[in-house]
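Paired with chain B in one complex and with chain C in the other, chain A is shared by the two complexes that follow.
Entry: the complex of A and B
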């Protein structure tokens, strides 16, 4: 059984039954309905136009250099690094859902694991693309592997990120092979079957790699002992941010998977995943978030009262005397983006209410994104020398376009995958043909 | 004292800058740019994109006339030693494009290996590292005045003060040819040191008792920038004014001024 047996029971082509046969119906999974090819192509073209805008900006950055951005010598790390950290945290749903499904044996999650993998694949490929734009000498990008400095957190990020992207690709391939026409080829059919049967190994590898690169991304900021806003003590060579980033990616990543699932349901006008599956993942995410936010509060308390004062800073120094970063951002991250969604998702009532649940997903996504923002941009903004000043920055249109580029690419890949691949095993059952 | 490191005599080059002597004339900045082929653009109004290996900051005591006071503070790369060469920027570079030289105590930058990730810039609390946002283009004819001993840098890489390392290499070669084991104090001096008309900058081997900096750094009014961070810099500053010394680091309101760690 390859996990899509249910869909196979609906061997009739629903689009044909409804008298709305589409030109590419031979490619569409059995038993599900899709919009007309024309409508699909128009939507694809609209998103494609946004993607082309991003590609144009990307080419400008590659050919003319990073002077196309509003980064400067105070802001060597800016919007792109935040986007990298954010999409990798949000893509954490892939490794954690895989871990729960294959290692902890939460079998119900087989109904959402495909989408989690697809979203993870998009997030990680986006991160790699953004990194390729962000470096000053893109043709030397391979130096990070060739001249690797084993003491650098960024080296660990590069290695683990690349390896995990390969794992995600291996996890995504069987899904592509499930396409109706590809599956008809015996070799691909058996390849897909065999890959599915060994997927637990890749899920375990993915969880292992993710632990390190999510952590290393936290370490990128945490090891900066020249930046008191970012610096944290830790365990052996790992600052506390190492563990906090891994924990938060596992906690918040599934919320992003669930949020995107809900958006897909809203756009397609169909229920795609049963509530018990959503509620299970939401419950686990909620408890993970609860434990994370407790650890985060302890970390913040220790940093504010011990670490920062030992460097000559009071907490309020990081949140005053500038036009943007106030204490509100700490409240937004920890209270609105952490405590509130966690409180909603750990209660049965909160999980069962679609409005409360979806609100929690959105708040969680905002919360983890704000955490990554402050750990990149606020780190750069805070003055350290007493005669220095706050440095605020606003991204150029090229930076914005290249950050939207992967979003457009992700939407297109989801559109194509949803149309032609059996992403949601419960779709046919939840939306029976007329 | 000089130390033996792997059988080789090592130095720890550093500076002592007397802030009471500095007039803020900027000669050190100009000399540095000329010596090290530092690129510039026609429009340098955006100082956050200007490359100034040596930058002179203007500090004020924040008081009104007649108590107002100012101080100019030249800031080259501080060549942090951190803990056992674990300087903030060296340890983070993913491609080993920057290194702490145990033989000289100088933090180097390998331009041809740097791929421009700018992590080192984020790690440096002194803003001593600069990114080449633009191609280095010299006014017509000026390329003939470039220093042949210093390679110009390309767009997309990070650069910073090297304590005029090419001068160290030349002095070392000369000492070798002259049959000397040690480099004389005068044989290796940075461009900024020589250009300072007030004699505010003194450069040499901090560990060598024959070099002036060895004693100068022990003056009672000495401090280093951001010592609390543990960067363990090799640029010492001297000022008789307490507010200037206090400006060298961040202090909690209730905290007293600390003495430099030698």
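Entry: the complex of A and C
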């Protein structure tokens, strides 16, 4: 090739790169600044590599089967189900913030509802993905709808999860349609507007669905009368864990939304949501957490003194004679992950101090995740019969990779959505230099 | 899932479970249909207005 041909080729590549950059900047919302396209693509590639690792492990599980995991006769539910319950609880910020915004009419929350919806969408799509891996035979996933076992709380969970994911998709679509270029198409512009105006109906349906599936996930543990560590009395067919799970998702979910918002602010180096909005949601979350933790302490006290002894167990039986589960886990869940963040968030001083507030968010996320861990994995570990021993379990790398997969997917979706969609309505106002 | 499935029984469990599912799906379906139809009409009106 002669020199002229090479120059022409380089010029062509350069024009192509310029064209890509022009297209990229045309998609970025008005009045805000984003990092360079190169930097964005490098970050996306790094997270994408982690995602591919998870996809590889997922394909191993699908093609070779569940022998790729360390699940066994003791652990029919394992790391995936903990991850599933944890992301569903953490994604509870979407339904509860939606409920506050559209049903209770807390209008200030319009400045964070988009992000709550995005996080909820990520959490619920992740939960469905984890279930698709966990069932081992995804091609038969539709059996749960077609041949539904109407006596199982998990059937109700599957129904409500799927329907609520539809609600979250419906709530996320208007955000996509508000992209600068898509919004120029009249039909999409009107569709976004009309979906916003009917959102209260979808949000109410979402709150209804969430109440039941969050509750039923707790109910599954609470009805295990053969496992005294999990078993609880209750109201009619619903054990107390049913109500505690719904309550905790509504209380702790917004803390996860606020924590991810803070992380996004730290990475982008910008303030994205005004303090009054953060403080309002933190205050509501704090009071929900306070009432929840009081109920949880009463439930634990009654279980330790009445329910478990009636089945032949003392409290300390559940926290001794093993190498991992000590009384520390109960303290971590209830005191550090419940009482402390609740006490910080219900006080004016605690909410107004960024360090205290962010610490409370992190502790709350740890608290609810530990609660789900205990209700899924410790339940399986505790010996029941006199000849039983503690059954401890360690996940295989395939389980770990497929559990990290949704995290990588979530980070990528947040990166793309933050770059191209007007997620934070207050961003331009808070960052006038942009 | 449907009364014509072989395992279907007309009992309280089926009515509550499947009724709840179809109730939610109906609300979502009607809501989205309304949005799409109204947006089509609105967009057509806009288009008419421009000319």
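We take it that the second predicted complex is superposed on the first by the 410 of 434 C-alpha atoms of A that agree within 3 Å, B and C clash if a C-alpha of one lies under 4 Å from a C-alpha of the other, contacts with A are read in each partner's own complex, and residues count from 1 in each chain.
The rule is short, and it goes like this: contacts are C-beta pairs under 8 Å (C-beta built on N, C-alpha and C of every residue); 3 or more make two chains touch, one makes a residue touch a chain.
Everything numeric here is computed off the predicted structure, so don't read it as measured data.
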Which of chain B and chain C A:194 touches, first, second, both or neither: second
Partner chain in contact with A:302 - chain B first, chain C second, else both or neither: neither
Touching partner for A:163 - first (chain B), second (chain C), both, neither: second
Which of chain B and chain C A:186 touches, first, second, both or neither: second
Of chain C and chain B, partner touching more chain A residues: B
Touching partner for A:40 - first (chain B), second (chain C), both, neither: neither
Contacts of A:134 with chain B and chain C, given as first, second, both or neither: first
Contacts of A:143 with chain B and chain C, given as first, second, both or neither: first
First, second, both or neither for A:205, with chain B first and chain C second: second
Footprint overlap on chain A, where chain B in one structure and chain C in the other make contact: 146-148, 151, 155
Contacting residues of chain A [partner chain B, same complex]: 65-67, 71-77, 134-138, 140-141, 143-144, 146-149, 151-155, 158, 220, 223-228, 309-314, 317, 379-380, 384-388, 391
Residues of chain A touching chain C in the complex: 145-148, 150-151, 155-156, 159-160, 163, 166-167, 170, 186-187, 189-191, 193-195, 198, 201-202, 205, 208-209, 212
Contact set on chain B toward chain A in their complex: 46, 48-50, 57-59, 73, 82, 88, 91-97, 113-119, 121-127, 129-135, 154-158, 225-226, 228-231, 246-252, 255
Residues of chain C that touch chain A when the two form their complex: 1, 5, 7, 13-14, 16-18, 20-21, 24-25, 27-28, 31-32, 34-36, 38-40, 42-43, 46-47
